[in-house]
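Heads up, the thing below is written out as structure tokens.
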Amino acid sequence: MSRDMKKLTGLVAATFTPLTTDGAINLSVIGSYIDYLTEKQSVKKVFVNGTTGEACSFTVDERKRLAAEWCLQGKGKLEQVIVHVGCMSIKDTQELAQHASSIGADGIAVISPSYFKPTNADALRMFLKEVGASAPDLPLYYYHIPSMTGVALEVADVLNGIEKMIPSFKGVKYSGTDLRDLGQCVCYSQSHNWSVLYGVDEQLLGALVLGVHGAVGSTYNYLGCKMKQMLSAFDEGNMTQARDIQFKCMDVITFAKNLGFDVAVNKQVMSELSGLALGPPRLPMLPCPISKAQTIAQKIKDSFCLT
Amino acid sequence: MSRDMKKLTGLVAATFTPLTTDGAINLSVIGSYIDYLTEKQSVKKVFVNGTTGEACSFTVDERKRLAAEWCLQGKGKLEQVIVHVGCMSIKDTQELAQHASSIGADGIAVISPSYFKPTNADALRMFLKEVGASAPDLPLYYYHIPSMTGVALEVADVLNGIEKMIPSFKGVKYSGTDLRDLGQCVCYSQSHNWSVLYGVDEQLLGALVLGVHGAVGSTYNYLGCKMKQMLSAFDEGNMTQARDIQFKCMDVITFAKNLGFDVAVNKQVMSELSGLALGPPRLPMLPCPISKAQTIAQKIKDSFCLT
Amino acid sequence: MSRDMKKLTGLVAATFTPLTTDGAINLSVIGSYIDYLTEKQSVKKVFVNGTTGEACSFTVDERKRLAAEWCLQGKGKLEQVIVHVGCMSIKDTQELAQHASSIGADGIAVISPSYFKPTNADALRMFLKEVGASAPDLPLYYYHIPSMTGVALEVADVLNGIEKMIPSFKGVKYSGTDLRDLGQCVCYSQSHNWSVLYGVDEQLLGALVLGVHGAVGSTYNYLGCKMKQMLSAFDEGNMTQARDIQFKCMDVITFAKNLGFDVAVNKQVMSELSGLALGPPRLPMLPCPISKAQTIAQKIKDSFCLT
Amino acid sequence: MSRDMKKLTGLVAATFTPLTTDGAINLSVIGSYIDYLTEKQSVKKVFVNGTTGEACSFTVDERKRLAAEWCLQGKGKLEQVIVHVGCMSIKDTQELAQHASSIGADGIAVISPSYFKPTNADALRMFLKEVGASAPDLPLYYYHIPSMTGVALEVADVLNGIEKMIPSFKGVKYSGTDLRDLGQCVCYSQSHNWSVLYGVDEQLLGALVLGVHGAVGSTYNYLGCKMKQMLSAFDEGNMTQARDIQFKCMDVITFAKNLGFDVAVNKQVMSELSGLALGPPRLPMLPCPISKAQTIAQKIKDSFCLT
């Protein structure tokens, strides 16, 4: 199989998972979701079944069906579909990795197991190696998100020598705030032509200046156009404009956090802003009151002059 | 179905999961494992597929096969088989709960999801309610282990009113160190005839004095006899003897922790002490060097005068 | 000087520091405070200038004047006055230690510096050694309170061999919740005839069973009589009664915590219950609204049937 | 008094405190220290008695003598001397603030008390207000360093409206890693012409892009020239060069951290690199072995091609 391993760069939307009102996955929304992203937000890359997608709350079978639908519906519209396959169990992770390969995904991403946490970089590399070996033709990205996993191993330590263990290793989705570690990842990745994608939307600018190659995040679902302007401003050396956009993003995130902002709330905000019927979250998350989502959505519209 | 919902009390061994050398679950060891527990340790209650059992590292199917084998082999030998069914996904959890019922388990225990953490006691109670509803005939125990899950909700808050939501609720496996919260759980459980089982072996005595009804832990696999002596001493008011045994337990745990003590090490220590071939752990845990396990096993033997 | 180094045991009140309404230390209240403790609460041992006493918020000079007044007024009424002398600066700590000796204190207690935290047990022992050397005639107690200092070194490691470095070392005020560590401290202290005093009032019973020799806490200011009953019940093997009292204590502390319970609130509660005019806290603590203190005081009265 | 309140910008060295070999403050080194900074590092602004200066380990009197000497010796050589006056006690803090004013300091900085932590932004603002009122003619900077204080209040909340409470408020030394909060501080400071100085040297570039006005740190003692080049590169839009310097800084800090890197080690590294005899740290910090400091110093020299 000749897969086009094109480097992952730019903005990538971490997609929400549409559910029906009674809590089943709702594949029927995915087509219009893709249209919304590509047409309204100019975002053509997606990160499916990640934290934003509540993947850990779904079964292996549900995750397969979701991934398959995104790949199928995205054909000809999306440039890249990265499927997150991380599970607590390595066997489940491997099964999802193989499945991602079979459906034509453009890459897989893997979090560290978080119930049993790897005690050192070696243990995590071994885990990633076994996952990579089960889908050797797919670019593999390590997905670092210590706020969720509690796994705080320095990623630079994990990367060190990983190219010898995992030929398909292609980079990191870095959703942490340790810029020293991030910078060293960027530095190390240069000689391997890997991608370092940043995952904390409200402080993306601080990562851009360190040379990250793109960003994966939930707010790019509804602020894709605006954040692309930030990337352009930065590239053109217009720091004042880039900063202005980033400050607005910080402001709305802070506003939302002060009201209580989890994936369930974020999903409802997306429903409000996009018009897509994404439905409720799955337990243990509780549904977000509509009025709260509307308040946050309005704040976003006002801050960014959305219509 | 008329199930004998006898109150869970006394010592309960949190079982390790035997693996073959190439990492598959090894059901063939379970029979002799049960003989060892019942004959050598006088322990006739087990907590299967818990943290000690590395449950999160196994697939739903593997967990079913393990639970079924423990129930099957335990028939006539074990007094109670409690099956831990907690998963990140509520659907997987429900499936395991139903399965536990079908194989004749004596109860189920459930951890909180830990990737997406319930934001308050309500969310967790809702989650537990849906699980309970899927196996209404089985006693349900909430399994609190904040050091692993990062979920630090006070259990007393979770218990408050839960009897109205979950008729099958029967108690808590409390593996935390907040004795204020623990005491309030015991206090609340009195009027409902629930069981509060303590899960931090090295400080069990501090929980006994607060009135817990039993204990679930990994060290009861190999120190069952000795810890039963501690329970008896406490019941007889012989605090000096009870304390002496607890101090020895603290000492060996500290010794092990200073060398690095995780489930993988503990499992190998059990292999050394019991002679059972429990095999390696599963990734992301790394195998424990034999010499390290032998050092810890020898320390345990010396401290407790085991032969 | 021949000092009577009698072993510190039983209940010790961690005293509040009376302030005038404009924030100056108010020595004039100390006499009646001592009368209240000894006559109404049957508590004849005090721990002065500790956390409850807001010591860190006072200057070295203020702390000297407070300590001196407690020693002076306590003469003939109090059995032991322990003065906490810990500061961020070792020189200040040494100065307070020497002063405590000069005013006839019965012992000194020392927290670890918490801004610069000792990196290992050696560093902390060195610090304590230099303090002890400045007041070699006074019993010295290490005061462990990780929730405030962030210093989580295991105390058992700190104690190990400390008798060779500090001849005046006499024990530990243990205000942490790690019972494994606590138990090992008790075990180690046995052969040295040291005192281990427990400092988390709401879970004292769990420490008593491990053999601690007494307790230092803020609630003994107003619940001294009641908690003495718990100690007696425990000593007599009446676990049901001991537990009942401890559960009430847990209940009121939880009630207070849910309303927001810091030293400022606790101090106002003490004013309400004792009738002493203890005044406001010092910044950065904010004064407690009277109504909140009254609500908590009423809860305490109701729970313990105080009149 | 007419004080020139010029805006604080650019690189500021957080100075070490020279001690004699027997642990007393060594004022005699300060003159040559200033010469080294101004002549060899082109750094003409200092932050005295901060974390790097071990201020919390010194008495009020020692801190006064240190601050006075820096002001005296710096006259005509240093552009600004900022004196950190934060203590656990507000009275000590106020005394140091008044003293700083009397000796002609150019500003004061204040950490939050960290033993008793302010429970909300109001409490901290009240504390800062009282300090500011004691030295109203001096620019006051809030010094945020959650890794040391454990005070994690969002600084943007603290700043909100503080101009009405503290007329002399002039900005923040931000030694945290939360760029969302930092960005909002920069944003808020714009309309007040305040300075936001960043304090995590190894990730300064991520703060520069957000618009901070300068930096305060320990590495500018010996890498002042090099880091000034980074600032220039950034200002000129040469991100590649700026990044290259920042990556080197990250690399050496990581190298040092892996060996164990605290203020004591850092101070010895400075002695090695500068030739100044800064002496040992004060307890509870332990002296750094010379060989370790030399290893780190050599790494720094090699990375930055220092001679």
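For clarity, chains are labelled A, B, C and D in written order, and residue numbers in each chain start from 1.
The rule is short, and it goes like this: a residue touches a chain if its C-beta (ideal position, glycine included) is under 8 Å from a C-beta of that chain, and two chains touch if they have at least 3 such contacts.
The UniProt protein names, listed by chain, are A, B, C, D = N-acetylneuraminate lyase.
The model shown is predicted, which means the values in this text are computed figures rather than measured ones.
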Partner chains that chain B and chain C have in common: none
Same vs different contact residues, chain A with chain B, by half of numbers used: same
Computed distance of Cα centres, chain C from chain A, in Å: 50
Whole-Å gap separating chain A and chain D, where each centre is the average of the chain's CA atoms: 37
Multi-chain contact sites of chain A, meaning residues that touch two or more partners: none
Chain B to chain C touching residues, read off their complex: 156, 177-180, 183-184, 186-187, 202-203, 205-211, 234, 237, 239, 242-243, 246-247, 250-251, 253-254
Footprint of chain A on chain B - complex, ascending: 51, 54, 56-60, 62, 87-92, 112-119, 122-124, 126-127, 130, 148-150, 260, 262-263, 282-286
